[in-house]
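Order of writing sets the labels: A, B, C and D. Residues in every chain begin at 1.
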Amino acid sequence: MADEHIHPNETQRIEAFSDGVFAIAITLLIIEIGVPHVTGEQSLSTALRDLWPSYFAYVLSFVTIGIYWANHHSLFRLFVRTDHLFLMLNVFFLMAIAFLPFPTAVLGEYLDNPSQRDTAVRLYALGLLLPAFGWLCIWLYANARGLVDERLAPEYVRFLTGQYLLSNALYAGALLLSFLEAGVALAIVVGLTLLYLLPPRRPRYVG
Amino acid sequence: MADEHIHPNETQRIEAFSDGVFAIAITLLIIEIGVPHVTGEQSLSTALRDLWPSYFAYVLSFVTIGIYWANHHSLFRLFVRTDHLFLMLNVFFLMAIAFLPFPTAVLGEYLDNPSQRDTAVRLYALGLLLPAFGWLCIWLYANARGLVDERLAPEYVRFLTGQYLLSNALYAGALLLSFLEAGVALAIVVGLTLLYLLPPRRPRYVG
Amino acid sequence: MADEHIHPNETQRIEAFSDGVFAIAITLLIIEIGVPHVTGEQSLSTALRDLWPSYFAYVLSFVTIGIYWANHHSLFRLFVRTDHLFLMLNVFFLMAIAFLPFPTAVLGEYLDNPSQRDTAVRLYALGLLLPAFGWLCIWLYANARGLVDERLAPEYVRFLTGQYLLSNALYAGALLLSFLEAGVALAIVVGLTLLYLLPPRRPRYVG
Amino acid sequence: MADEHIHPNETQRIEAFSDGVFAIAITLLIIEIGVPHVTGEQSLSTALRDLWPSYFAYVLSFVTIGIYWANHHSLFRLFVRTDHLFLMLNVFFLMAIAFLPFPTAVLGEYLDNPSQRDTAVRLYALGLLLPAFGWLCIWLYANARGLVDERLAPEYVRFLTGQYLLSNALYAGALLLSFLEAGVALAIVVGLTLLYLLPPRRPRYVG
């Protein structure tokens, strides 16, 4: 097809645009925490303390987007070609990243509300599954179309494929579990984020 | 005129600034979806489901801005010179891009309101016509002033001119139609966006 | 002093950061236009039309920041050195640029309110005087400390100094006038913006 | 460990992402100042004047983030290597920077409210301690892992360590003091910011 030609600097420009979206989405998270409005007899201290679900959601989403940013960069160094559909898949992945402030705000608002908490956790688990799924699509497409550096060791490629499939399975599992036990689902989501804080495996090359 | 001199890196810096505006406008879209406020007996699930027009408008505008970003980059590679008015036309084009979160928010708020839906679709069609028109102006001006790479095949230049004129005609048609049949107008707008997801034709050069 | 040493790439990085602030401030303007909330019997069309002061303020501020962006770039190409105070003056200038969405929102809210319009125009004129003053300070400081390219023709340097002093005088005049005749003050501000749309004079060098 | 390998351009890309977060956080500050809503008999002038705590908080936080931006750049020029944990520490530092609009908004809202002012100052002092602490962690970690340029004079390294420890002690002191005398705590915080406006000491190298 006509759109498969090579642009040596193309991945750099996609990275710059993606970095912009990452930086903005991560910094917008704070906008969703509204200043509490207290009147005369109420305590601002208490009101600020009652915002703990918002702080928790802020930290969780900030770290998640931060990790995606670091991983996006590592991954894009493995790509040597791009095409139009690859570009569009990246736009869809960024759409999922830019969506994250919304489930974050909902989680912050309803985490301490017993009757709505489960719904908020469900939306948040969905909000994390979406970028993980977009990421997997980018990776599978890039492999199918030969956009990945050919000198990469096949076992490293298989390792990444396995890792991305597992992430999707775990986020999907957390989403399903959130219909039964939202608390456990949230724990899985937090655990996965902590796991991703560990250093990623270095790329291995053939020969 | 005095402002016609050549800056080899000028288009790069315009692209960097434009990319910034694209990245911010695309990421701000989520800010317009407010967290639903439900009280005791109401269901957050239902409230989140009732936001479907906002999700629809978010996806449509995100994809639209994403496509403009990709096309802006392709187009600017064809320019070899800039001048002051070209710069100002690009500022006006970016003004139309940065305006999109507003009609998007209005569409998200009123799409499921039978008595106001038509007005919301009309504003949205206008919101899409404006950047298409700004884009056409940039292209026609660049051609008239010889800012476009001279090695480009004349039939490719004519092809792009025709394509941009057609886009404008279709968005203008959708805008006019929205006074009669807002549903059909919206379908045209969605159809155009889906069409733009297809890979663009590659530039052809003389010789 | 210790901080006067030469960094060849320093102006590039200041420009990149400044471009970021310009791009964000210009794109945030739209956030200040709230979606109108109409109920059953009211018309969304009318509500959207009643927002005309907001659209007017949006266009005026967008063009103003766009022109500052273009000029910032032209000016910074004339600087060959930076120092710490220069950096801090640029931060103060950016603080004035980043402040503009606030007077813009106030103007959009109160321009069609006869009893508050004058105050809104006054704040807006002040909002435009601040970056013009910051700009003048950067220029005068850079000249006094020898940060400007020495090959620049002295008459060109004098021309710019005169132009920046005149801008400040006109914005200050508009601010003072806004206490007597806010309508005329706004007309001056709009006129100045239109003037700045004209191409700037090209730098002239010695020899 | 596997993640200790050298990336010559790695610090550049971290800087670009960090600059994005700085630029967005600094520009978002204005969003937190809401347009005052006055009705017929009230005065917009008075309402705008009553927002002085918000303007004060805006300027203070803008200058603080601006100084961090300038210092971040100076510091990152001293690093010659990065690793995964270094990257994550920078993400945590940026999380503290991106959090600043929240305590700024709270300070702007409650500084002129005698019964809540102390709490607002306390949150603001905490908001400034967090990035100072993140900064210290980055510096100590980079030194411990040999990520810093080895040609740097040991006394300069010790000078920076001392300076960062002192900053943390002073912000922590202001935080503690804010439980007793919020006014004095705020004065310390303002004084520290003014001190940081002074030019930093230039790096000294061995030999």
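Convention: a residue touches a chain if its C-beta (ideal position, glycine included) is under 8 Å from a C-beta of that chain, and two chains touch if they have at least 3 such contacts.
Model, not experiment: these values are computed from the prediction.
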Starting at subunit B, figure out the least number of steps needed to reach subunit C through touching chains.
1
C-alpha-based rotation, subunit A on subunit B, 0 to 180 degrees, nearest 5
90
Interface residue identity across copies subunit A, subunit D - same or different by half
different
Please indicate which chain is farthest from subunit A, where distance is taken between mean Cα coordinates of the chains.
C
Report the inter-centroid distance (CA atoms only) between subunit C and subunit D in whole Å.
26
Can you compute the centre-to-centre distance for subunit B and subunit D, using the mean CA position of each chain? Integer Å is fine.
37
Subunit C residues counted as touching two or more neighbouring chains:
16, 20, 24, 28, 31
Looking at which chains touch which, would you call it a line, ring, star, complete or other?
ring
Chain pairs that touch, as defined at the top of this document:
A-B, A-D, B-C, C-D
Can you tell me which positions in subunit C touch subunit B when the two form their complex?
16, 19-20, 22-24, 26-31, 33, 35-36, 38, 40, 43-45, 48, 58-59, 62-63, 66-67, 69-70, 73, 197-202
Which positions of subunit A touch subunit B when the two form their complex?
1-3, 5, 13, 16-17, 20-21, 24-25, 28, 31-32, 83-85, 87-88, 91, 94-95, 98-99, 101-102, 105-106, 109-110, 115-116, 119-120, 123
